[in-house]
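The following blocks contain the structures, represented as structure tokens.
Common to both upcoming complexes is chain A, partnered first by chain B, then by chain C.
== the complex of A and B ==
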């Protein structure tokens, strides 16, 4: 008998701009909150799950067991094992795929795929010369040797080093990389602003309709996504100055995602197990594919999902038009538009953009890196389930390092 | 947070002064599932054995009561924890003397948090018998006011055909600490259509209880007590209360449902949640319509918005939800289920600045009384509690002096706790309480206002 992994449901914290309401919360705090809300929604308190997979992109070295520690702090049974995974912004989808694969293989019946990021509580490190001097002093066997090691420290070595979202091999930030792509694919400011506006309008409408009532649990007194601007307009977006791509750039703070804090978790179970245990079955995780491009040689950093989609669709014998809904992570509005353009140019086809990100995406909700995948998967599973058995949806998430992941969901 | 006046009042010198002014420190009430530690005394005034049979079923040994029929009133050697007076069959004014004769020695000997429990006929024929029946009510209310040290008096009327097994849950509730803040009340118990004695340990084991407004305060206590009694609780509150709701649901090993009960499809979503979490065969044993709001203003300043919001949440929502849960769908209310609503002394007595709230809470009383007979053939009971002054975050916001007045204007000289409301609801939810329907029990320490 074939085993299939189904998405039971999800839970996330509201997402808020870094440095605001969740500024004092750590990754561990946020992830624990997301797991607690999930446990409450599905009656998992005190129950042992087969595994919780989680991860964060901005991670302290002390959080080497981030997910396991969050599980221990949550309402789940403390004998629930956990694993940390990390694939930049694809982390949230990868944790879901990891659990789904174990379920399909019979290694697990029920588990959680989760992700979290606090850009507020990002690790601040020390400079390399200071770090090396301290390690050398630690290894020293005599006081003079130790003093000699410490004497190499210069005042400017003492400045703290904040994390940067730059590609190590190019030195370019993600926005700078995307600006190159944006220009190359001739994505207009107007199109980007329109996409951003749609994201805000769709997310606002979803909140107003109560859509997120069983997807989000309030945290620290926040009950809605903090970055959402229901009253934004093309006029307001049009006045923003370029943030990337120089003075003539088309990418602004309005059509790019800001640094965000938040966590998301998705409950998965074997289909029969879910039924036997009285849990909802929203959608199956049909298949997933990860891909990478060589951005150091000029490939578009954030367009790897287009390659992943091509391989996935070929394997499944499906066409790009075979989906009722599409969830394309909005790292930047231009990323989504360039993805659509590349799909079209590469012959994969076009999609009906009215079926894309119908309850908003990262431009409006924000993008706590590793949490975005969980937000998207749980949202899409709920949307597909409402459309009826067999409805299919495609997830696409780009990631640093020229990587990307796509996945297919199908309503149970 | 206590203000300076309140801190002074509760300081050592403040309390000494308060005692002199006739505001003594209120007694600590016996609470929880604990019987009186002192002996229970029982007597029958007109030949009925119902009370004695009920005590026997409960496994509570009872001693005979002393009777004041000589020159000097007799004295109990030790304090007594409870006197149960079976006045069923009492019909004449002359026979009321028997009640006085047993109560006089008993009230003198009653221990702190002691109990006076009187049993009477709910329906009698004849002018004198009806006058006597009502006289018992006046005696009960007066005894409640005269008792000290947290002792209470309550009167249970029994409908024709009521058996001892129908009364077990009521006697258990009244004797135990669960009824700590129920005083001077009178309600009716009838014959349950279930056969024989219903016992479960714990009483709500494996039964699903849904509580609205569960995130905090009284609602959280209701869910907690239901879980203590074995129930699988579904905790419902608006999404804004989600974090506290999740913590509570996890703590109680229940489930959380974020839902605005005024949503048009609230009933459907409750049933769907129950069916999806507990299986399509699962049914709700009890729903507690606890969610409520206040929008206080004098009527002269009350606009349509404040009016509608309170009536919608406190009254209209449950009127919409009940029929959905009663239509036989998966995850709906079970046959022999329980519907419990929250009224208020404000609804019964009226309260300045609360016309909208009083309307909604009096409306609950009307709803309960009308719905109970409709659902009698399905053996579903419908009841309400009417809390008086309960110590909650909401009442903590009342200015200190006003709050202290509210607190003390009842026979127990103190405010009630959320758990007192929750315990009374637990009594309604008990499967053994099948004979109690259409009743409104005040949890007010015998507040001076209202009926």
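== the complex of A and C ==
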């Protein structure tokens, strides 16, 4: 008998700008809050799930067991096992795929795919020379040896080191990489601002209609996404100065995602198991594909999802036009527009952009790196379910390291 | 019984200074008869986050019940520092505590916080009294607590009350906690309890302790934090403070389900002697 994994539902915290309402919350606090909200929504308190997969991009070394610790701090049964996964911004989709694959293989009946990121509580580390000196001192067998090790420390080694969002092999930040892509694909400022505006309008309309009522649980007194600007306009976006690409750059704070805090979790179950346990069945996870490009040799850092989509569609015998809805993660407005341009140029075709990110995406909601996948999957599953059995949707998320993941959902 | 309404929760340091001065009244012990009340107390998220971290709780929208005790604590000092009390908070020993959480309280709730002193009774070492605290949200009782204090040397007519103590059965701890020397300072910052026996070696010596001792309510909170994810929305927790914990120190702790609730203790490393014993009972 074939087993298929269905998305039962999701829960996330509101997403807020880093350093604001959730500044005091750790990754563990946020992930626990997302899991507790999920447990409350689906009656999972005190129940053992087969596994919870979760992850964070900005992670403290003490959080080596982040997800397991969050599970033990949550209302879930403490005998629920957990695993930490990380694939940069693709983490939230990868954790869902991991659980779905286990379900399909018969290794699990029910589990959670989750992700969290706190840019507020990012780890600060020490300089490499200081770290190496301390390790040498720790290994030293005599006092003189220890003192010799410590004597190599210089005052400038003592400065704290904040995490950087740069590609280690190119030294370019994600925004700088995207600026190259943006220019190469001739993405205009106007098109980027229009996409950002649509994201805010769609997200605001979805909030106003109550769409997120069963997808979001308030946290620390915040009940709505904090970055959402319902009253933004093309005029307001047009006056913003370029943030990437130099003085003539087209990418601004308005059409790029800011550092964000938040967590998201998706409940998955085997279809028959969900039915037997009286749980909703929103959509099946049909298939997924990751891909990577060689951005160190000039490939577009954030366009790996276009390759992933090509391989996935070929395997499934589907075309780009076979989907009712598309969810393209808005790392930058220009990323989405370049993805569409590359799909068209590579012969994959075009999509009806009115079917894309219909309840808003990362430009309006914000982008807590590892939590974005969970937000997208739960949102799309709900949207597809409302459209009726068989409705299909495509998810596309780019990630650091020149990687990307795409996935197909189909309404039950 | 009269209710005395204060405009805000009292600032603890000046109040504590008053609570240190001994009462000159040498007659039979007296406690105030009125209830002190502060309406509309807001909760500070930053302070809650610090409290949670120091005590081992995760930062949740739902606050720990021991945090609500902390919010009432200023009123304990207020009651035991005025002219109508011969008992001074600085001189009492917190011997037991029980609190009931009637429903989850969230950090955005505005709280009506009250406390009254009651049940003054004789004890072989002095007198016992209870401070009963209550927290209401929109007129609904959401939390109440009874802190039982021993006032050594206080004179109250009547027959001595024996404190009921469950016999402690030595139990191997399932956790080891290392309490740093500055833990008293950390807890002072989040609780506002300025008693120097928790932070100063000199003050601790004056009270007969070799080193500063950690606040009993920290120990209570830390133990509750270990069990809290497993607890229902409403429950009662009773603790007995058996002996003080010197800082720095390493202690054991254990907790296990029992009779539909939990029993738990903070002990020496071997689990032979308890510092604090606890019982948690879900509300029906």
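Definition applied: the second predicted complex is superposed on the first by the 412 of 412 C-alpha atoms of A that agree within 3 Å, B and C clash if a C-alpha of one lies under 4 Å from a C-alpha of the other, contacts with A are read in each partner's own complex, and residues count from 1 in each chain.
Please note the rule applied: a contact is a pair of C-beta atoms (placed from the backbone, for glycine too) under 8 Å apart; a residue touches a chain by one contact, two chains touch by 3 or more.
Predicted, not measured: the structure shown is a model, and the values here were computed from it.
Trainee: Following the superposition defined at the top, how do chain B and chain C come out on chain A, clash or fit?
Mentor: Aligned on chain A, chain C clashes with chain B.
Trainee: Please tell me which partner, chain B or chain C, touches more residues of chain A.
Mentor: B
Trainee: Where does A:41 make contact in the superposed view: on chain B (first), on chain C (second), on both, or on neither?
Mentor: So A:41 only meets chain B here.
Trainee: So, A:319: does it touch chain B (first), chain C (second), both, or neither?
Mentor: neither
Trainee: Taking the superposition on A as described, I'd like to know which of chain B and chain C A:72 touches: first, second, both or neither.
Mentor: The answer is second: A:72 touches chain C but not chain B.
Trainee: Could you look at A:219 and tell me whether it touches chain B, chain C, both or neither (first, second, both, neither)?
Mentor: both
Trainee: Does chain B (first) or chain C (second) touch A:25, or do both, or does neither?
Mentor: The answer is second: A:25 touches chain C but not chain B.
Trainee: Determine, under the contact definition given at the top, whether A:33 touches first (chain B), second (chain C), both, or neither.
Mentor: So A:33 meets both chain B and chain C here.
Trainee: I'd like to know which partner A:278 touches here: chain B for first, chain C for second, both or neither.
Mentor: The first partner, chain B, only.
Trainee: Report, in rising order, the residues of chain A that make contact with chain B in one complex and with chain C in the other.
Mentor: 33, 36, 46, 75, 218-221
Trainee: Across the complex, what residues on chain C touch chain A?
Mentor: Residue list for chain C touching chain A: 45-46, 49-50, 58-61, 106-108, 229-230.
Trainee: In their shared complex, at which residues does chain B touch chain A?
Mentor: Residues of chain B touching chain A: 232, 235, 239-243, 245-247, 249-260, 263, 276-279, 282.
Trainee: Which residues of chain A touch chain C once you look at their complex with the stated criterion?
Mentor: Touch residues, chain A against chain C: 24-26, 28-29, 32-33, 36, 46, 72-75, 78, 218-221.
Trainee: Which residues of chain A touch chain B in the complex?
Mentor: Residues of chain A touching chain B: 33, 36-37, 39-43, 45-46, 75, 210, 212-214, 216-221, 223, 278-280.
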